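Here you go, one structure.
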Amino acid sequence: MLTILFDGIAYGMLLFVLACGLAVTLGLMNFVNLAHGAFAMAGGYVTAVLMNRYGVPFLATLPLAFIVPAIVGLLLERTLYRPLYGRSHLDQVLFSIGLVFMAVAAVDYAMGSQQQLIQLPAWLQGRVDVLGIQVGLYRSFIIVICGVLVVALQLILSRTRFGSRLRAAVDDPRVARGLGINVSMIFATTFAVGSGLAGLGGALGAEILGLDPTFPLKFMIYFLIVVTVGGTSSITGPFLASLILGIADVAGKYYVPSLGAFVIYTLMIVVLILRPQGLFARAR
Amino acid sequence: MAAALETRGLMKRFGGLVATDNVTFRLEQGARHALIGPNGAGKTTLINLLTGVLKPTSGQILLQGEDITGLRPERRVQRGLARTFQINQLFPAMTPLETIGLAVSERLGGGRDWWRVTGSRREIVDEIVEIAQRFRLADVLDERTSNLAYGKQRLLEIAVAFACRPRVLLLDEPAAGVPEAERHELLATVAALPRDVSVLLIEHDMDLVFSFADRISVLVNGALFTEGSVEEVSADPRVRAVYLGESVDE
Amino acid sequence: MHADPTAETATPSSTADAVRRRLVRKGRWSVAEIAFWLVAAATLVFLPERHLILNEIAIIGLFALSLDLILGYAGIVSLGHAAFFGFGAYAAGILAKHGLADPLLGLAVASLATALLGFATSFLVLRGTDLTKLMVTLGVALLLGEIANQASWLTGGADGLQGISMGPVLGLFEFDIFGTTAYAYSLAVTFVLFVIARRIVVSPFGLSLRSIRDNPLRARAVGIPVNRRLVAVYTLAAAYAGVAGALLAQTTQFVSLDVLAFHRSADIMLVLVIGGAGYLYGGLLGAIGFKILQDILSAWTPQYWQFWIGLILVVLVLAGRERLTDRVKALWPRSRPSPDGKAQALPVTPAREV
Amino acid sequence: MRRRTVLSAAGAALAILAFGGAASAQEAMKIGLILPMTGPFASTGRQIEAAAKLYMQQNGDTVAGKKIQLIVKDDTGVADVTKRLAQELIVNDKVGVIAGFGLTPLALAPAPLATQAKVPAVVMAAATATITEASPYIVRTSFTLPQATVPMANWASENGIKKVVTLVSDYGPGIDAEKAFSGAFSAKGGQVESLRVPLANPDFSPFLQKVADAKPDALFVFVPSGVGAQFMKQFVERGLDKSGIKLIGPGDVTDDDILNGMGDVALGAITTHHYSAAHDSPENKAFVEAFKKANNNMRPNFMALGGYDGMHVIYEGLKKSNGAGGEALINAMKGLSWTSPRGPVSIDPQTRDIIQNIYVRKVERVNGELYNVEFATIPSVKDPVKAAKSN
């Protein structure tokens, strides 16, 4: 019972790290970036390649799984994404889907179409018994890392100068520009961080979600669900939405396996009908 | 005789804030009635209540003596209550011809007509022509609305509302933002509205109010402050204090 | 197009005639349009080897046309339009499997059934932002896909619905292995439905839809029952999509779960947006372009054709897709290109600001 | 002006369509190989394509005086596309054989075409038992799930396993495997509990938790190859291996393609299947070596073998029919028998399914790499579903 809750939380946390960058690009820059999953895939492949070809330990690959997609994200943002900020959402969808197709085929070409597998270090394998609850070590690891990230993100947003500028830029880019805030710089940084987080999520998730070239397409729907259900106006919204979806998904499949696949979709539809702005959107 | 439009004890609260405070008010048949008040007096809220965009917390709205409090906005329009918007609400990609045609055919029940080409009905065409001429739009009928001069857009704004053949027309600052050169055309058109349409004018521009209205209501803090003829209101020292003092006697 | 300079001084009746001419002209077919359909008909004779892919193009074109009715004309974005396509396909397939083999009867039943489904789900898309609508429609399609998977006694589940055998069209034309009957049938159905759609969009009803798309606030203020109109067009579009799905089921005589899959909805969105929304031909042209491109690229490099499709999409957007589609749209007298290059037909509003 | 642009564009489109068609077929025998080359099942397509090309490279491209020409098409894993491609290949390219078919619906969709056009269809991957019944022109060189599964049930009951939970992906082959196993295992007095997992399912944890709660002797699992790795990892992560639950199933879970990447979590899994890259025979050693050499050291899996033997059936059939296609070719294919890299096999003349040995294997580390090491053989297994019907 509590094990199910625990698994759900871990799953939800993972979803959050993967999707929060999307929430930010959508909420902040009002850009529908369906290619978000491609950055997650990039992170996953960085980890897989480093571990399997060069024998780098798992933990050491994680920073790189953040940095590489972040740099790629930064470069793409500066070159390709920026001209499209003012364009219609349909243009953005078309463009980012195009990027996904390219990423899928390119990874397929470079790495092959089979699953990429990584070997966790021994100390992350298996599970331990904590107060009668069976706790998977790797899932605990994910919860800890993601928990730290959530707190850090929240602190950055609410306490730092960058955070307040970011929030100003979210609320009204024009006013923010008028106040002398370099909005373009903030957008670029945020985009890079969002991409990096996705990459980290991809690396962490490779073990649980699998990793192959179709990753960005397979998980696009999940990311979008998290973001729409959570709303895009804060970090906590998508976070809570991820947790709820994670727990509901796991619990639904455990208790009513035959209806398992329905749970997450039904939940989404019901939420969006009752709260079209998302569950945790600020009232506007 | 029933008033053209009447409210009884109309209240609207947003949480703790009272935006419309017990407004009881009559718009007589054929009236030229102005509603004025300082910024934040609740004019927009009142319009939204009258047109059905907002639901009142309590109170009643009657159109030609019939209770319309619970009706949806489009039903009120069909019953003869039309409005213009302070900021243009037009269809930028459509032409004035299409815009007016839309309103006319909608009123004549054509909106459910999905088979005939718009314009195949004689009475629709005749009415479009009549409205276009009344509002001096005949020479721009085929322009894209977004390309029209601002004054023409304002005229179209009124023309669309008029095309709904309202018994009561709510004009929300019709002259707002119109450059001086195009102003005359607009004012003349408003003055020439037929007398069987009762008009409630919401306006800041005192020149327009005094030249157009025969009766004035003053709204302050969501409540009806005073009401009377143009002379009475402009002579009322309290009104001068809260409102006119700032805009007339400077 | 030029305004009549005598309008203000002319007698009311002559102005009225001018106005009527202008309004009615929009219902008239242009040369480019007639040429388009003549070329389509000519392929029946001149391209016998390509009837199979042309059949698919006709079906996808009809499907995209159906999306155009709600996206291009009424401003409802949908990422789950395959729900109706798949529902129609299953309806027609199941019907044929159980002995009702007449294709036209199957189409009629499928379109009615999907119209009902469209009506029932239309109430979900009346509220919310574009993003919400995208996700709600997507959710409906995914749910339906899951139901079809579970109800394998009816649908054949993941193995697909087998054992469909269709009777001859109109009792005369058997479906042949060259796909000629299939293509002629699909093209004819698509054409008929296109003509109807074309009438609808120039009718007062169609005009009111465009007004809702452009400015729902004002549309209400003109007395248009916005929700009722949206429900009506959503139902209609669902029926169209259902017919497209039924055509696929009947001409391929097989239905599998992927008629309901996410990629169908996404692809059809791509097809429509590439072709340009809001002038009915966008879906058809998009279907032609997309399918031919895919056919050529995937014959050339079966593994990596997606890369090139992706590259083309990216370049298309960066180069200004709307300028291209506006140029094509200009061929049609009704829709004039927007001079500012902004998306007049693309109603997607910023997600946060609604 | 603009009108001319559109007309010329239309003309160009027509021209492309017209010249896209292939030239006429004369003394060539064309084989249309329809596979999922993109999308989630792309690796199936890659393995089969590589094996088919390898076979042609080894055996030349001329058989019975005909030049063999292979046309590869990508159906993206969508059934109606498979059908359309098959139809185009038959009608336009005049292929003599269609082959490939990565998944069950992809094999079923074009089946009526094979019958109608009298073109043999060689199924190289899809494994639902009923497929060969969909058309008398279908020959299968892969396997059927019951074929691989029933021996598993027998082995389990003979080796002291009393209670089994089955966990399968909720689609045709999965349900096939579940039914075959449950039927055979309960017939032997075993106790079975069934779980089905949605096909698109990233996280197995809730299902594995249910398994843990049930405390069976063994967990029988069938998931599409590819997802197998995630499954294995989560199985071990949950500690189910340590709680004494044996992992058993048909060989899809320990697919050779990715087995080595799974790491130690896969060790000890017991599967029954028709092919392992570690099969000890000179034919197999040569096959694996040549395959790896031609494909950047990629290890062939059972999909590749299906493609390889599929080509063999086509070649041998053509030799027997003296290059004739259609009915003569399908009849020539029936009853063929040869020694494949997987061992002795033959095509059942009645069912057109392959008769082959099923091996019981265990994942072990050999020379530093993980392999399915065979330790028992059940010779000449027919598809049990059809065998039961004919009795």
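Letters are used for the chains, namely A, B, C and D, taken in the order the chains are written, and counting of residues starts over at 1 for each.
Criterion: a contact is a pair of C-beta atoms (placed from the backbone, for glycine too) under 8 Å apart; a residue touches a chain by one contact, two chains touch by 3 or more.
Quick caveat: nothing in here was measured; it's all calculated off a predicted structure.
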Count how many hops through touching chains it takes, at the least, to reach subunit D starting from subunit B. 2
Chain at maximum distance from subunit A, centres defined as averaged CA atoms: B
Out of A-C and A-D, which chain pair has the most contact pairs? A-C
Length of the line joining the C-alpha centres of subunit A and subunit B, rounded to whole Å: 49
Compute the distance, rounded to whole Å, between the mean C-alpha positions of subunit A and subunit C. 33
Hey, how far is the Cα centre of subunit C from the one of subunit D, in Å? 37
On subunit D, where are the residues touching two or more other chains? 38, 42, 46, 198
Residues of subunit A that contact two or more other chains, please. 104-105, 108, 258, 261
Got the subunit C residues that touch at least 2 other chains? 146, 149, 263, 303, 305-306
Write out all the pairs of touching chains, ordered by chain label. A-C, A-D, B-C, C-D
Once bound in the complex, which stretches of subunit C touch subunit A? 77, 124, 127-132, 134-136, 138-140, 142-143, 146, 149-150, 262-263, 266, 269-270, 273-274, 277, 303-307, 309-314, 316-318, 321-322, 342-343, 346, 348, 350-353
Please give the residue numbers of subunit D that touch subunit C in the complex, ascending. 2-3, 5-7, 10, 13-14, 16-18, 20-21, 35, 37-38, 42, 46, 72-74, 77-80, 83-84, 87-88, 90-92, 104-105, 108-109, 111-113, 116-117, 128, 134, 170-172, 175, 198-199
Using the touch definition up top, name the residues of subunit C that touch subunit D in the complex. 31-32, 35-36, 39, 43, 46-47, 49-50, 52-56, 146, 149, 157-160, 162, 177-179, 248, 252-254, 256-259, 261, 263, 288, 292, 295-296, 298-299, 302-303, 305-306, 327-328, 330-331
Complex contacts: residues of subunit A adjacent to subunit C: 26-27, 30, 32, 80, 83-84, 87-95, 97-106, 108-109, 217, 221, 224-225, 227-228, 232-233, 258, 261-262, 265-266, 268-269, 272-273, 276-278
Inside the complex, what are the residues of subunit C that reach subunit B? 1-5, 7-8, 12, 15-16, 19-20, 22-24, 26-27, 199-200, 202-208, 210-211, 214-215, 217-218, 220-226, 229, 336, 338-340, 344-345
